[in-house]
Amino acid sequence: MNAAANATPVARAANPVDGAQPLLRVDRLSMRFGGLLAIDDLSLDVAARRITGVIGPNGAGKTTFFNCLTGFYKPTLGSIRLNHPQRGLLRLEKMASHQVARRAQVVRTFQNIRLFPQMTVLENLIVAQHNALQHASRFSLAGLFGLPGYRRAETAAIAKAVGWLERLKLIAHADSAAGALPYGMQRRIEIARALCVDPLLLCLDEPAAGLNPRESAELNELLKHLAGDEGIAILLIEHDMSVVMNVSDHVCVLNYGRKIAEGSPAEVQRDANVIKAYLGEEDGEEAPGAHPPANTQTVENAR
Amino acid sequence: MALALQQLINGLTLGAVYGLIAIGYTMVYGIIGMINFAHGDIYMVSAFIAISVFTLLATFGISSVPLSLLVVLLVAVLFTSVYGWTVERTAYRPLRGSTRLAPLISAIGMSIFLQNMVQLTQGARVKPIAPVLVGGVDLLTVDGFTVHLAYSQVLIIVVTVTLMAAFTWLITRTSFGRQQRSCEQDRTMTALLGINVDRTISLTFMLGAALAAVAGVMVTVYYGVVDFFIGFVAGIKAFTAAVLGGIGSLPGAMLGGLLIGLIEAFWAAYLSAEYKDVATFSILILVLMFRPSGLLGRPEVEKV
Amino acid sequence: MSALVFAQQPVSFAERLRDAAATAFIALLLGVPMIGLTTVDQGGALRIATRWPALFAFVGVCFAGRLLLRWGIDYWRAQRQSAARAASAASAEQQPATSLLLRRAGWLALLVALVLPIVFADNRYVVDTATTVLIYVMLGWGLNVVVGLAGLLDLGYVAFYAVGAYTYGLLATQFGWGFWQALPVAGAMAATFGIVLGWPTLRLRGDYLAIVTLGFGEIIRVILVNWTEMSGGPNGITSIPRPSFFGLPFKPPGDEPTFASFFGLEYSPHQRIIFLYYLILALALLTNLFVSRLRKLPIGRAWEAMREDEIACKAMGINARNVKLSAFALGAMLGGFAGVFFAARQGFISPESFTFNESAIILAIVVLGGMGSQLGVVLASLVLVLLPELGRDFAEYRMLLFGAAMILIMIWKPGGILARREPTLAYRSAEAGR
């Protein structure tokens, strides 16, 4: 269709990259479930220290893209290369999910929050530092005998967790069971927990879903701070255009598993394909996926 | 060759019985997501009811085989369904909506309770009855080995096939079947649509118990001996069958039952009778390693 | 929910009678084939026998029992509702108090355990029963790692108990190994079996895992029954040596130094019983210390996190396979240790001791106690071991009561007797410690 034809020139449009190489390069990625092509020939660059937004109607393949990226699905075709500053080139599509988090330091959150609900908030953040602590505990032996090396590591881990809890205004709830807290807070806990893994690239799956306007505004500030001051690259799936268009340095639009547009937030909002994907064809004959009017509203408002 | 044919017949007979019991496991698992550990003991209760009723009929001098079979089947199905209903009502319903393990422990407790109840009221010793259905046909003889098809085996296979057909019709074509399937998918939504979920679950337990009751009568006719421990062994085998076929799937339960019956029969005939249970469980583990949701179970896509 | 709505309305007596009559009718249906009728063996053929008086007694008891139960429940609900209104304000302060209370209860239990054999030095029965309780406590603490912490449903735990017992039995009778030499080897052996079981089952979820572990337990038992050259078959292994006190045997005085002669005591068979009691107490306490420490280490938190959400664990970079295998291996090792003690105490082992019933009892101890709660395991072991012991006078009914108790406790407390989870570390105390 002409959507694909139009996309090709945009596809290689340069993502603003500081150095010569992007942090993450997704090349011709495809994911097939039986007869369904959830991701179709997707290529995308993600720059270090930048926020890259991924938007698209429901069912466009955004979460599937995250699942491929973080090792939960094995993509049918294509490659995902991460340029790790210490470990060199890593092929994420070949790594198991825990290796993606551990070695490549690509960490994600989930659309339906996945905390450890019975554990306290602080425990959640300590579990996220499992690998460092497990190493320090020398297969639990140093830990069992409470050797100073392990105790130092544990103190450091608590300090790091407490640091993020303070930054995200969660410290008052550090000892509460995570599952018992309100929804908006659980979203922040999940982000804090991901930050405790020391991510190079943080993949956030709809972090603003269910947040009230004030919480959304706070999220905007946090994301800008993480990318700008902490130097963490962020991939952001989001339906709330007030978040995406405000914080993203670069936006990629998916529809039916294909990339239909890419560029700065302003460019993407002007793009004819994007408007069509969100509003449907004029004659209404095609109306792909019957997109919720809420989305079109937010696109309009964000302009 | 002749031995293989004989074992095929024996294996199918055994497998049909396992399959009937396995359906009870799989339906209960489908609708409330719990392992009904006491299901094997329900089957055992039915076998004891069959023994009593056969003896009672003999005392009254009723000797017509079809008539006594029919009476025993009806009585066993009726009373065993009440047992199924009571077990759900007392041990599982109060625990609905609590943790996953609570009903499992309650079910194990119920299994221990039923075994000991029967042991107390009916005695701990093995009970033999006079053969009900004797005779059979010799199919063929090769090298002095005669392949024998007993009438009781014919009965088991015919009854099982009939029941399976009726049951498939019940689940796929009737209003109760639709209610049952919708409860499996989403109990809350089903309740919101005005369907009595409690009643549907109770009926599911009674149906499972009724099928186990038929299996219990069949086994009594086939082997002629019953003791209070048969429920545990058959229960474990049938549960294995349900998991092997893919728990929650009705055709899977039947397929799993047949497979386990065949594995046991052939392993016992050709390799070693002592290790047939080892073979059964090893094959289960092997199958689950490659198909974690069983043979016909819907593979569960890891929802992230 | 309907119960909540209707509890307020007074129930008429006629309604209560109708309810009880319905129960009595069900009881009649249940009772006719089991109580009313039975078959007795008479000269090789079965003859029907009837017990109508027993049946009517049963139906009557059900009728009266239901009437009383409904009345009791309604009364209790009304009481609780009024009490709940009064107490709703006070509940916030209860938590730390409960925690303190539990810790005190734990120390008290330890004290009782320590002085028990001194108080009952002449009562062999009490010390023996207490030893049995402690074996189950230790098994419960071991299985708690797998089920309570890591959330892996294991219905074949008895297999590791058997591996430990048979390893010691074989090493002792075939190669003359002592208790203390064999203990670590048997533990390692059981842990190896834990990994052997864990490996193929890594991908399986909850209930699939349950049947596979159950099958594994049966495989081990069937092998023990049939591999006669190795295990002695159904007859088992006999004359397994008893543990000695650092090389000093518990024997009547003879040529070698014995425990009694070394310490200048008069020989008494009770000495060995008491020694065995303290031995299992020490093993159990070590187990408790070990598991409690592990729970507060990264591996223990990873177990609990795995129980809560495996996918989130993977996203945090945790290797789910290693975490699960370590839980299986450590749980199995502790079961193996308990098995060694069991073999040494009995002096005789056979496959009879390692049936599915044992697995079910150990699992029941963990679940009834409250998943993950160490003190809960002690309470549940006490209940489940002492209940049948108390029922000795009417021995036939003890297992019946045991099954009924399992159901009733679960209905009474679905989360277990002690369902509260203690956090592994707290911000408040970490701050205070600085």
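Letters are used for the chains, namely A, B and C, taken in the order the chains are written, and counting of residues starts over at 1 for each.
The rule is simple: a residue touches a chain if its C-beta (ideal position, glycine included) is under 8 Å from a C-beta of that chain, and two chains touch if they have at least 3 such contacts.
Worth saying up front: this structure is predicted, and the values here are computed from it rather than measured.
Using mean Cα coordinates as chain centres, the one most removed from chain C is A.
Looking at which two chains touch through the most C-beta pairs, you get B-C.
Taking the mean of the C-alpha atoms as each chain's centre, chain A and chain B sit 49 Å apart. Taking the mean of the C-alpha atoms as each chain's centre, chain A and chain C sit 45 Å apart. Note: centroid distance chain B to chain C, computed from Cα atoms, is 29 Å.
Contact with two or more other chains is made by residues 311 of chain C. Under the contact definition stated at the top, the residues of chain B that touch 2 or more other chains are 302, 304. In chain A, 72, 110 are the positions where the chain touches two or more neighbouring chains simultaneously. On chain C, the positions that touch chain B within their shared complex are 26, 29-30, 32-35, 37-41, 45-48, 147, 153, 200-201, 203-208, 210-212, 214-216, 218-219, 222-223, 225-226, 311, 356-357, 360, 363-364, 367-368, 371, 396-397, 399-400, 402-407, 410-411, 414-415. Only residues 70-72, 96-102, 107-108, 110, 114-120, 122-123, 126-128, 130-131, 133-134, 137, 140, 143-144, 158, 162, 165, 171, 174-175, 193-194, 197 of chain A touch chain C when the two sit together in their complex. Chain contact summary for the complex, chain C toward chain A: residues 290, 293-294, 297-299, 301-302, 304-305, 308-309, 311-320, 421, 423-428, 430. Touching chain C in their complex are the following residues of chain B: 29, 35, 45, 48-49, 51-53, 55-56, 59, 75, 79, 82-83, 85-86, 90-91, 94-95, 98-106, 108-118, 120-123, 125, 127-130, 232, 236, 239-240, 243, 247, 274-275, 277-278, 280-282, 284-286, 288-289, 292-294, 300, 302, 304.
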